[in-house]
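Since the structure comes first, as C-alpha cells, the remarks are kept for the end.
Each chain carries a letter (A, B, C and D) given by its place in the written order, and its residues are counted from 1.
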Amino acid sequence: MIIQLSKSISGDQRKHLCDVLTQNKYNLTDVKTQAENYLVCIGKKEIDIRTIGNMAGVKDVHIVSDDYKLVSRKWKVHNTTIDLGDGVSIGGNDISIMAGPCSVESDEQMQTIVEHLIKNKIRIMRGGVFKPRSSPYAFRGAGVEGLKMMYSLCAPHGIKIITEVMQVSQIEEMMPYVDIFQVGARNSQNFNLLDALGEVDKPVLIKRGISGTIEELLHSAEYVFSKGNEKLLLCERGIRTFETAYRNTFDINAIQVLKEKSHLPVIADPSHGVGIRNYVSKLALASIISGADGVIYEVHEKPEEALSDGQQTLNFLESEQLVDKINKLLLSDICS
Amino acid sequence: MIIQLSKSISGDQRKHLCDVLTQNKYNLTDVKTQAENYLVCIGKKEIDIRTIGNMAGVKDVHIVSDDYKLVSRKWKVHNTTIDLGDGVSIGGNDISIMAGPCSVESDEQMQTIVEHLIKNKIRIMRGGVFKPRSSPYAFRGAGVEGLKMMYSLCAPHGIKIITEVMQVSQIEEMMPYVDIFQVGARNSQNFNLLDALGEVDKPVLIKRGISGTIEELLHSAEYVFSKGNEKLLLCERGIRTFETAYRNTFDINAIQVLKEKSHLPVIADPSHGVGIRNYVSKLALASIISGADGVIYEVHEKPEEALSDGQQTLNFLESEQLVDKINKLLLSDICS
Amino acid sequence: MIIQLSKSISGDQRKHLCDVLTQNKYNLTDVKTQAENYLVCIGKKEIDIRTIGNMAGVKDVHIVSDDYKLVSRKWKVHNTTIDLGDGVSIGGNDISIMAGPCSVESDEQMQTIVEHLIKNKIRIMRGGVFKPRSSPYAFRGAGVEGLKMMYSLCAPHGIKIITEVMQVSQIEEMMPYVDIFQVGARNSQNFNLLDALGEVDKPVLIKRGISGTIEELLHSAEYVFSKGNEKLLLCERGIRTFETAYRNTFDINAIQVLKEKSHLPVIADPSHGVGIRNYVSKLALASIISGADGVIYEVHEKPEEALSDGQQTLNFLESEQLVDKINKLLLSDICS
Amino acid sequence: MIIQLSKSISGDQRKHLCDVLTQNKYNLTDVKTQAENYLVCIGKKEIDIRTIGNMAGVKDVHIVSDDYKLVSRKWKVHNTTIDLGDGVSIGGNDISIMAGPCSVESDEQMQTIVEHLIKNKIRIMRGGVFKPRSSPYAFRGAGVEGLKMMYSLCAPHGIKIITEVMQVSQIEEMMPYVDIFQVGARNSQNFNLLDALGEVDKPVLIKRGISGTIEELLHSAEYVFSKGNEKLLLCERGIRTFETAYRNTFDINAIQVLKEKSHLPVIADPSHGVGIRNYVSKLALASIISGADGVIYEVHEKPEEALSDGQQTLNFLESEQLVDKINKLLLSDICS
C-alpha cells in the first residue's frame, strides 16, 4: 500500500497515522522525494483504504499488489516525464535520442561527435569515463577528467550528459557534470550504489542486468525511488541466452512489459543489446514501435578506431539515417 | 562448394566432373530441386573453382564458407520468392500476412475467420489440425477432417493454407489441402520429417526450435533443400530464456541475422513468440521494420473461448488494426 | 485421478464406472499396459475417491495433483524396476552401466568394445546406428545392418542393447535386435514417436530435451505410458545454457528432482551432458551419489579415431577405472 | 606473460627490464602480493622468454595464453592453499566445510550453531550480516554489530568467519572480525569492490555471477590478484537457466573446469546452488567427488523459522549426516 501524504501534514497527524498502520502490522518506509512524501506500507493484511484515505494529512491511498510499489503503474497510471532543463525532457510524446561514443577518448574525438549531435538535433550525449571491463588489464576509461572535458564541450550547446557511475565514491565528484547517472548492467543489483543514488537529485537510468529479470529491474528502481529519487529511467540492453550469433540477445519484449508494469520511461540500448553494428538501427526503430520512450546508441566518427566497442558503434552516416527514420516514424501514426 | 549443373549435362560430362571432384577428396551430394540441379561438394581442400567452372555441363560454381550451403546467401544473393498461385507470393516487396486460429475447431468458427480474412485482404490462413501438446490428455486437433473442412472454406476464395505436419505418414493425406507445410518448433530437428518434406513439391515453413540456434535452423532448412525442395521459409517464434514474464522470448535479433545469412524468406510469429495477446501487434510491426517478409499470428472471433492458445490470440478488431498499421508501414519508406 | 482396474472387471462393471465418472465431468483415458489396466481421469472436480474405490472391478484409486499422472510418484511410491532378462535389471539396488561407442562403425571396432564390456562386467551396450546430425552432409549412421551386426556380437554374451530410434517406421525393423529403445534429446517431444513406442513391449529410455524442462520430460514419459508401455527410463543428458566452456551443461540437479517426482529409473548421460572427455568420469560418480539408477557413457578403443563424438568418449582404461570407482562407491554406504 | 621478480631486484635492474619490455610493446602491470612480486605483461607479440629469464632480478618467466594470467594454472601448476591460522587451511588434501545461517539473527541463534559446529568439528562459520535483497523492503541484515557478536562467539573456539562484504566502505570496519571476505554473486563484477579487496591482506571468496561465465569468474579473481591479494577462493553457487523446478541450476561442471584452469581452491555452495533443502546434501557430496576443495552451506537449528533462505537451509541432523558422509568419502579412495 502506498500512502501519499499532504505536505502540510502535522507531526501529530503523522504519528496517529503511523500508529494505526503499525497496529495493523504494517512495516512502514518513509519516502520523501523531490515531488512528494509517501509512506510505503508492507503488510500481509490490507485494511480498508477508505479508512486511511479519510485521515487528516493523507492525500491519496493506493493498494499495489506488485512486490515493487512506487515504480508500479498500479498506483500512478500516467507516464512519468523527466525534465533535464533547456527544453530537454524524457517520457512525453517525443522520442529521446542519446548518442555518443562508448568511451570518452580525446578532445578531438568528442568535438566531432558534438558537431554530429548538433547537426542532427540530438540533445543528449552518452560517453563512458568509468568503464567496467571484464579484464583488469583493459582500458578503464578517462575518469573524471574525461567527464569534465565532455562537459565543457556539451554544456555550451545545451547538450545533456548521461554517463555511467560505478561506485558510491564517484557520485560527488561527478555531480556537477552529469545530467543522468547511468547504472550499468553489472551494477544493476549493486544495492549500495542504488541506495546512494536515491539520495541524489539527478535522474538515474538503470540498465537491466545481463540476466536480470524484469521484476528485478523494477525492484532495483524501487531501491532508488524509496530512498527519495523518483527521477528514474529503465533501460533494456540485451540479455544473455544460449544463442552465440550475437553478443547479447536484445529483448524487445521487455519494452512493452516495462511500459505496462511501470510509469517510468523506458529507454532501449540496441548497441549493447545486440552488439553488432549492422543490426543496431533497425532494432532502434523496432524499439520505438514497441513503445520505448527513447534510444541510446553508440556513435563514433571512425568506429573501427574506437578504443572500445567499435564493432557495435554506428558511424555518422548511419546515425544520421537512423535519426531521419525515427523522425519519419514519429510523423506517421504507426506508433500511436 | 556448390556446383550448379546445366540441365543438358550429359552422362559422360557428369561422370568426368564427379571423378575430378572425388579425386580431390570431395564428398558429393546430388540435389535436384524444382528449379535446378546442384552438386554439393564437402571437402577440406577447396580447389580452384575456375577449373570446375570451365568444365562442360557446369553452369556456375560457388565457394560457400558456411557449414550450410544451399540455403546460404553466400552463393545466392537475391531473395528467394515463393509463388503460391492465385497472385499470392512470399518474399518479394510485399509483406505476407498469415492469420487464423490456433486450432481448427468448427465449421462456424472457421467461417467467421474466413470472412475476417477476406475483409482484410489476408490471403493465407493458418490453422492447426494436428496439435503438438505437452500432455497426452490435452486436445490434439481435428485431424485431416478438420483440414478438409478448412480447405473447402478457403479454396473458393483463393485463400491459401498453412498448417503443421507432425510426422512423415501425414504428408500424403494432407497434400491436396495444404499450400505450405509447417514444421513446428518441437520438430525443428526431426530430421526424418525434414528429409521427407524435401521430396515434396510444396513450400515448407520451418520454425526455429524452442532453444534452437540460428545455425541449427539454417541446417534444418538445408536438410529439406538438399533432398530437392527449395521452396522454403524460415520462422522465428520465440526462444526459451530465464525470463518468466512471458511464455517465450521473441528473438527479434534473429530476423536480421537470418536475412543476412540466407536468401530464404523470414516469417515472424509473435503470437507464439511472446505468448501474450497485448504484446503481439507491436511485435509484428517491429518484426516488419526489422526486415521480416511476413508475419503469422493467431486470430479468433472470441479468443477467450478458443480451445487452445486463447491467451495469445488477437480478436478481429485487433487483427484489423494490425493489418491497417502494416499497410501504413509499407506505404512509408521507413522499412526501405 | 488414476483408477487401477481389476483384470476381472466385467463389461457391465466397467460401463457403470465410466458412466459415474462421465457424469462427474471427467475425461477418461483407458490405459492397458504390460502390467495393469488403468483409467486416467482428468477433470476439474475431484470426487470422493472412496465412492470410486468401493465400486466393483476397481482395485485402487489415487488422486494425483501433478499434471502428469501415471509416471508420478504420488500414486506409486515404490521404485519401478525393469527386467531385461538374463539377470539384467534396472532400477533396483544396483547401478546399471550402459557403455559403448557413439556410432556403430565396424565389426572390428565393436568386437573390441564387446570384449571391454565383458571384462568389466558391463551388461548393456549403447551404440548408435541412426544418428541425428545437425548437418545433412554428416555421417548418419550404419542403419539396421549395423544394428544386426551389433546384436550378433552382443547376444551370445547376454549383453543387452540400447540404441536410438528416430522415427516410427524404424521401430518394427529394429524390434528383434533392441533391448531398450532410446528417444534422443531432439525427439524428446516427438509425440508421434512417443505414441508409437507406447504400443511396443520393449523398454524405452527418454532423454530430456536440449532445453526441455523436467516437467516436459515427465509429460513425454506419460505419452508412452498412457499408450500402454510402462517400461520407461528417464535420462538427464545436459541442457543448453549461456555457458560456452562445455558443449552442454550437465544438470545434476535434475536427477534428485526426477527421483522425487517419479517412480521411474533415472539414468545419467555425462558424455553428452558435458561433452568433454576429462570431465565424464567424475560426473558419472557425482550422478550416482545424487541417486541415479545408472549411467550411460561413450567408450571406444581409440576415441580420437571415432567417426563421431570422439572428444567426449572414454578410452578403455578410463572406462575401467570408472567402473572400478562405481563399484567402490556402491560398497561404501555413502549413497544410502 | 608473467614475470616473477626476485625480491632483491635493484632499481636499475628493474628499470632495464621494463625498458626492454616496453620496447617490445608490452603493457606492464606491477603486482606485489603477500608472497611475491610479479610483472604482468600484456602484448601481442611474445618475445623469447629465455631472454627475459636470464636477466638480472628475474626469478621466473611464464607464457600464459589465457586472457586471465595470475589465476591461471598455466604458470602455477600446484594447488594454492590458504592458511587461516589455528590449524585451519583450505586447498590441501582436506575438505573445508563452511556452515552457518543465511543471516546472523540473534545471540541465541548463533550460540546453538556454534555448538553444532564444534560438535561436528566444522572450523569455518558462514553468516551474513549485510544481505543483498531484491526488494528494498526486505530484511537487510544485522550489520557490523551482528558481525561483532558472531566474532565474539566464534573466536574463543578458533572458529573462522566468512561473511559477505557488499561495498568498499564496509571493508575497514569488518576487517578485525572477518577471516574470509565473501563477494556475492550480484557483486561478482563489481570491479571497484574487487580492486579494493586486492589491497587487503585477507582471503577473498568470489562467487560466480548469477549468469556469469567461468571465464568471467576467473577474470574477477584476476582483478583481486593483480591488485596484490593472492589469497583467493572461487565459488560455484548455481546459475540462472530456463528451468523453474529449482531456484538456480547448480552447475557441477564448473568445478572440474575451474580446477583445471586455475590453481585456486574451489568451493561449492549447494544451498544457493539449487535452493531446495532436500537436494543440498547430495549436491555437496557430488561436488566433492567432482574435485571441490570445500563446501559452504546454510544450517540453522530451526530452518523454518530462519529470517531468510529457510527453504534451502539444513537442520542440525541433516548437517551432521552430511559431515559424516563427507568424512566417509574422504576415507575412501573414490575421490583420488
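Convention: a residue touches a chain if its C-beta (ideal position, glycine included) is under 8 Å from a C-beta of that chain, and two chains touch if they have at least 3 such contacts.
Remember, predicted model here, so these are calculated numbers, not experimental data.
Undergrad: How big is the rotation, 0 to 180°, that puts the C-alpha atoms of subunit C on those of subunit D, in steps of 5?
TA: 180
Undergrad: Measuring between Cα centroids, which chain is at the maximum distance from subunit B?
TA: Most remote chain from subunit B, centroid-wise, comes out as D.
Undergrad: Just curious, how far off is subunit B from subunit A if you go by their C-alpha centres, in Å?
TA: So the centre of subunit A lies 39 Å away from the centre of subunit B.
Undergrad: Approximately how many whole Å separate the CA-defined centres of subunit B and subunit D?
TA: Their C-alpha centroids are separated by 50 Å.
Undergrad: If a residue has to touch 2 or more other chains to count, which residues of subunit D qualify?
TA: In subunit D, 211, 215, 240-242, 244 touch at least two other chains.
Undergrad: Quick one: in the complex, what on subunit B touches subunit D?
TA: Within the complex, subunit B touches subunit D at residues 211, 240-242, 244.
Undergrad: So in the complex, which bits of subunit D are touching subunit C?
TA: It is residues 211, 213-215, 239, 241-246, 249-254, 256-257, 260, 273-274, 278-279, 282-283, 285-287, 289-291, 325, 328-329, 332-334 of subunit D that touch subunit C.
Undergrad: Enumerate the contact residues on subunit A facing subunit D in the complex.
TA: 27, 29, 40, 42, 67-69, 132-137, 166-169, 186-187, 189-193, 195, 209-211, 215-216, 219, 222-223, 226-227, 240
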